[in-house]
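The first chain written gets the first letter, and so on, giving A, B, C and D; residue counts start at 1 in each chain.
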Amino acid sequence: MIVAGATGFAGALSAHLLWRHPGFRLVAVTGRSEVGRRLDELYPRYRVPLTIEELDLDGLDRVDAAVVAYPHAAAAPTVAGLCERGARVVDLSADFRLSSLETYEQWYGQHPRPELLSKAVYGLTELHREAISGAAIVANPGCYPTASVLGLAPLARAGLIADVVIDAKQGISGAGRTFDDTTHLSMAGENILPYNVARHRHTPEIEEQLAELDPALSGLAVQFQAHLVPLDQGELASCYVTPTRTVAAAELAELYAEAYANEPFVEVAEEPPGTREVRDTNFCRVFAAADGHTGKLVVLAAIDNLWKGTSSQAIQNLNVMFGLPEAMGLA
Amino acid sequence: MIVAGATGFAGALSAHLLWRHPGFRLVAVTGRSEVGRRLDELYPRYRVPLTIEELDLDGLDRVDAAVVAYPHAAAAPTVAGLCERGARVVDLSADFRLSSLETYEQWYGQHPRPELLSKAVYGLTELHREAISGAAIVANPGCYPTASVLGLAPLARAGLIADVVIDAKQGISGAGRTFDDTTHLSMAGENILPYNVARHRHTPEIEEQLAELDPALSGLAVQFQAHLVPLDQGELASCYVTPTRTVAAAELAELYAEAYANEPFVEVAEEPPGTREVRDTNFCRVFAAADGHTGKLVVLAAIDNLWKGTSSQAIQNLNVMFGLPEAMGLA
Amino acid sequence: MIVAGATGFAGALSAHLLWRHPGFRLVAVTGRSEVGRRLDELYPRYRVPLTIEELDLDGLDRVDAAVVAYPHAAAAPTVAGLCERGARVVDLSADFRLSSLETYEQWYGQHPRPELLSKAVYGLTELHREAISGAAIVANPGCYPTASVLGLAPLARAGLIADVVIDAKQGISGAGRTFDDTTHLSMAGENILPYNVARHRHTPEIEEQLAELDPALSGLAVQFQAHLVPLDQGELASCYVTPTRTVAAAELAELYAEAYANEPFVEVAEEPPGTREVRDTNFCRVFAAADGHTGKLVVLAAIDNLWKGTSSQAIQNLNVMFGLPEAMGLA
Amino acid sequence: MIVAGATGFAGALSAHLLWRHPGFRLVAVTGRSEVGRRLDELYPRYRVPLTIEELDLDGLDRVDAAVVAYPHAAAAPTVAGLCERGARVVDLSADFRLSSLETYEQWYGQHPRPELLSKAVYGLTELHREAISGAAIVANPGCYPTASVLGLAPLARAGLIADVVIDAKQGISGAGRTFDDTTHLSMAGENILPYNVARHRHTPEIEEQLAELDPALSGLAVQFQAHLVPLDQGELASCYVTPTRTVAAAELAELYAEAYANEPFVEVAEEPPGTREVRDTNFCRVFAAADGHTGKLVVLAAIDNLWKGTSSQAIQNLNVMFGLPEAMGLA
């Protein structure tokens, strides 16, 4: 097992989780910067005593699996190279998340390796477990789609969504290890900052997943808005659903209880969930309520953007891919 | 000028602003607790060297004006008593915000002094300046309605709102000087906490104001949801409007520019506003965008919940009531 | 195993660690308040699904071990009762930390059960491992003494301390689940707050331990000062030592390397440690430097006040007491 | 009046304070980066609507005064150029803070313009008011020396200091608008980080000032240690003084009361001061206690590192230099 791109937040946490994972052996961490430094120097709290190497695909010893934590467009060629050498890959970028090439190019520009799209499975474990178990490439979901789709899936599957507005909030780690005005504590602190207004790239990912759950939603344009709030790890998707028909509180409760009864990492909450409740875990906490005043449904889904939203979900997917207990290394 | 209820955040900041205000003379601060302590002991940073007294309406020397910072239901009798003794009052509670007694009682229970409702003016300065100037009682708006209505007013007035979802986020000072799990730093920190799901009392206030701006909205049920995020002062209302017709970006820009061209405390922003930009000020920063993808309109309004959302708006109203320059003591 | 006093931060985290511990079975959590509520309702993130009971010493089934998380003075009688019923106890209070009754009474007032003092062992695992293994009562150290003494022990043992100033900083969780101006995010945030100036009760604990390591220090009065800083979990003790003789950098490095070479939970750092590096762990990170300018020695010791400073050190002690691997349940 | 180097935190706040100052007219802000952008785009909350220019000393219209906010070594030539053109300068860098060239070069390397040292006055207003009023160059103190020296001055002047340890803590704004691991909220948050162990450049500045107050201290090596804590603005210097003789509490209280009786910006506190009490102000709050246990004196001095520690002290100095009321624009 290797982690390519271990110097960013997502790669580093993936390395940390894999280093202590009883079912995998992390043999190398690579980076496009910081080569030669030890990962535990860069991230002391993760205590991974490996030295960051340059990724040399040709010189690579055989690896069974890899987590690739590169930015979109940069990821695809590396994923391709690893696949060609026999590794099964969980890719944290957006490169393989959308099944439609057209949609990808509309939001991200030209795709570097479109021929691989058909080999990739969307890695929202709870929805695609079986396909993930046999996949060569697992496209780990974006953090916002993870929370949003887990929150909305029971409604979509039941054909109850007519329209939806998603207002998502996330801690500063969501901006990654980038250094600018949005991450500097003296500017990010005491701030609530909306960003990417009316054009967030996680939108089509959510739309594709909802349409897969309910084909009637294939034309739905989701209103999605993201905000940075001054904490480190945590994400809440607040979803406001115009239902296709009146939904009573009891029906709603039953719908969610059934949908997630057997899911080890989705908790249906009895109170509106705060993100602290899932910090440093792979859990998603979901709460749904029918608003008698407006007739709309309010769904709240809380995750840790770095864990279930990124790195621990990658581990969950690796567990599924390699036939290990799904919660191994995550409890 | 007195401040009744100066021990809470709203009253204390009002006292601070009035103490340094060149046009008013703050002669007393009263409290229902902490009597005998100095206010600058309780709030050192506000440096108001007055001793907290019990409010004795009968023993009161003549005062021209008062800010009342009591919880709802507790406020009305005090407001009444002050009015009877000739004071003009800015009331920070909800007691006089709703013109409909029926709506009040539906959300808050029995009204202690319904006969005074007709003497009260809703204190969103930008919308009701003239009425405020002559009012005996000014009902200072809730912080969420302040941001929401300032954000939506140009659309409502133009008849452009068919439906609206408001997702609001606020710092912990919004919970006031209450001591519990929602305000303890070790629980409020690293948390995003939705609360009062599908039943926030600021909803009817927003609905009344929108309906006043556009009578066609008199039956509209607004979807409103509040969240606590880990900062001190700051509030953002993110409003998602289904328009009555297509609105182009240019029209939208012009609408907002015109609406607020002469408003000293509303800034139409060119970028999505962060709440830091208005911290410790009476400004409201508004940003509007048409989402080409969904056809909806996104309106973002940022204020400091303690300032424009509460105490500095009270000063702005007092300035208007007493014929002083509107920005006096607030620049 | 039971946790008595599980509603506070220290007890709740102890319960969390014991609930998932492979070597112990947590059968009950008790509280002096919140009886009847589930612990995972109070602390959702800890996911301990036990209901809080009243502690009924007489009705108690036989328990082998207990963690007592009561305030000082309240703890001693409970510890006594549990001991009498055959349980071995880790007490998180100050009641059994000082071997000198006179010193205890000077700082805390009358001792409720002085006859038990001789049965108690000071639970700084790294210094008293052997005594802990056989003890009936283990007095878990205060968080400040944990960091301070681990930082200073190598110097004390080598007779190198002539005088010492300790300036300690700690996150808000150190104030516990108390609700007041020092813990409210709107007052604790953006604040650095010194407290208990010139009279912190952790001082005698540090002095006793240093004197035990170096009898020449038995008369030393330690200058100790505590501060609250706006984070949740984390503590740094900055120690400024006037040495008994000149100490070169190399000697200092060797002294610390040797002292902690075999300690699983003390890391001698190469860079000044930030508390983030030990957050949510049982590690103490120590750094020592000789200041060529002043001739003094600077020792920095970082811990998580709730973990190594309190609850995880309790588990470490329980592991030692019951002959389990010392790191069990803590890795 | 111009501000050179207005893109950093110190320069931007200086520009903000000067823009609203009734006694000065800010005509230009310059920067070594961001030229052509408006300052209120970079710092929306400061609302200074000037465009950032390149500093062109030769093309400069006559200016009476300037604030220079450059890094050390880069500042001196600019200060020199401005002086030659007739401007009186407050320099925020370290270039003119030390009267001893030898000490400067020992800590900072070669001095770019040593011939100007004699024209510069150390700008700790409370200590050097008269010299400042006539100075061509005022070297604005470092933030740590500001708090430390104001805290210790009464003791030094009375000959009471035999030795001193200063442990200082500061918010992240103290690191300036630099972007790296120490300022990223996801790394600076939940962290207490000691830095520059045993070699902070503010040390000689403190030593020079103390020696000036008490010549007996001319050989004293001050133990100084700095820490970053997770807030924006705020700084506390905790000073531990070994006195030359026993000092009783009453004498200590009188000493401080007298020393600062007439100082508009130094408050002698009755309780240990939190930094929140001075946030966004030019105040320094000082508290002194005699520790009966150790015989040492504990002095705590709180400032806002960006205000009294930097920019508002620059304004205070400008007021003194130009014969304006000292508090003008700062109240």
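Going forward, contacts are C-beta pairs under 8 Å (C-beta built on N, C-alpha and C of every residue); 3 or more make two chains touch, one makes a residue touch a chain.
Since the structure is predicted, the reported quantities are computational estimates derived from the model, not experimental observations.
Determine which of the two chain pairs, A-D or B-D, is joined by the larger number of C-beta pairs in contact.
Between A-D and B-D, the larger count of C-beta pairs in contact belongs to A-D.
State the chain with the largest centre-to-centre distance from subunit A, centres being mean CA positions.
Chain D.
Which integer distance in Å separates the CA centroid of subunit A from that of subunit D?
The separation of the two C-alpha centroids amounts to 46 Å.
Between subunit B and subunit D, what's the gap in Å when you average each chain's C-alpha atoms?
Comparing mean C-alpha positions, subunit D is 38 Å from subunit B.
Give me the residues of subunit A that touch two or more other chains.
Answer for subunit A, listing residues that touch two or more other chains: 171, 189-190, 230-233, 273-274, 276, 279.
Would you pull the subunit A residues touching subunit C in the complex into a rising list?
20, 44-45, 190, 273-274, 276-281, 331
Report the residues of subunit D in contact with subunit C in the complex, numbered from low to high.
Spelled out, the residues of subunit D in touch with subunit C are 165, 167, 169, 171, 187, 189-195, 197-199, 203, 221-223, 225, 227, 229-236, 238, 240, 272-276, 279, 287, 289-296, 298, 300, 302.
Touching residues of subunit B toward subunit C in the complex: what are they?
Residue positions touching the partner: 9, 171-173, 177, 179-180, 183-186, 188-190, 230-233.
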